[in-house]
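Which chain is which? They are A, B, C, D and E, in the order written, and residues in each are numbered from 1.
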């Protein structure tokens, strides 16, 4: 039943993208609204957004690497 | 049961598009509203949007490449 | 069990359309509202919308190509 | 039935990313809005965000490590 | 059917992260908003947030340890 690992790799890769999309999308949506409301605070808002997006990106890439391990097994 | 990998590739490719769509869509919707409210902050808002969209796009393309690996196996 | 690949191709193609539809639809809805509120900012809003829609479209077409690969296998 | 562990690794890695994305995304969205409303409180808001994001990140990486254990078994 | 334990370990680890993410994310989002509204109450708000986040973290790590036990069995 090695095929189950390939199935898990595909589904996991998709779910990881959903997580990253929802998370980074949510942060950046609020950041875009914040920049529109206070354009002079752009640097502060953008830095805050990038810190959070990098944390989410780290978990997402970790998850994708696990799926690569499963796919290449 | 190699076929399970093909099933995973198809479902994963679809889930990845859902993630990218929800994420980039959410960011860009807020960006469009922000541009409408503060047209003079268009450059700042658009740069913020593109940074976040590129991060989501990166995870999504990573996920799609995993699905290609599974589909061509 | 090659048939599982065909099942994955069908489900994946459908999920990809859901993703692209939700994403581009969300962007364009906000863009349409923005143009209605600030008609003089139409060019800025439209450019913002097209950048984001192109990013979503890219992931979606990648996903559809994977489903074509599975369907023609 | 060792394959079930690989399936669990893939699905678990994906779910963990969804959890981290929803959580950190939610915190950071409010942080970005807060910075836009009170730019002079940026340091306080950002520290609060990073404490919470680190707690979520800790659980998420723990979960990913479990999935690595399952994937490499 | 030992494989079912591995499947449970993976899915359980992912679900625990979703729980911790939603919970801590919700607390911290409100905390970030509170700090933005009353910056002089930062210490009180942050302590309140950390107490609640630590309680959620405790349950989440307990759940992850159970999944480690299943994964290493």
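Rule of thumb we're sticking to: a residue touches a chain if its C-beta (ideal position, glycine included) is under 8 Å from a C-beta of that chain, and two chains touch if they have at least 3 such contacts.
Worth saying up front: this structure is predicted, and the values here are computed from it rather than measured.
A.B. asks: If we define chain centres by averaging CA atoms, which chain lands farthest from chain E? Would you check?
C.D. replies: Ranked by distance of C-alpha centres from chain E, the top chain is C.
A.B. asks: Taking the mean of each chain's Cα atoms, which chain ends up nearest the overall Cα mean?
C.D. replies: A
A.B. asks: Rounded to the nearest 5 degrees, what is the angle of the rotation that puts chain C onto chain D, matching CA atoms?
C.D. replies: 70
A.B. asks: Centre to centre, by mean C-alpha position, how many angstrom separate chain A and chain E?
C.D. replies: Centre-to-centre distance between chain A and chain E: 18 Å.
A.B. asks: Could you state the distance in Å from the CA-based centre of chain B to that of chain E?
C.D. replies: 26
A.B. asks: For chain D and chain E, let me know how many angstrom lie between their CA-based centres, rounded off.
C.D. replies: 9
A.B. asks: Going by the contact rule already set, what residues in chain E reach two or more other chains?
C.D. replies: Residues 3, 10.
A.B. asks: In their complex, what parts of chain D are in touch with chain E?
C.D. replies: Checking each residue of chain D against chain E gives 1-5, 7-16, 18-27, 29-31, 33-35, 37-38, 40-41, 44-45, 47-49, 51-53, 55-56, 58-60, 62-63, 66-67, 69-70, 73.
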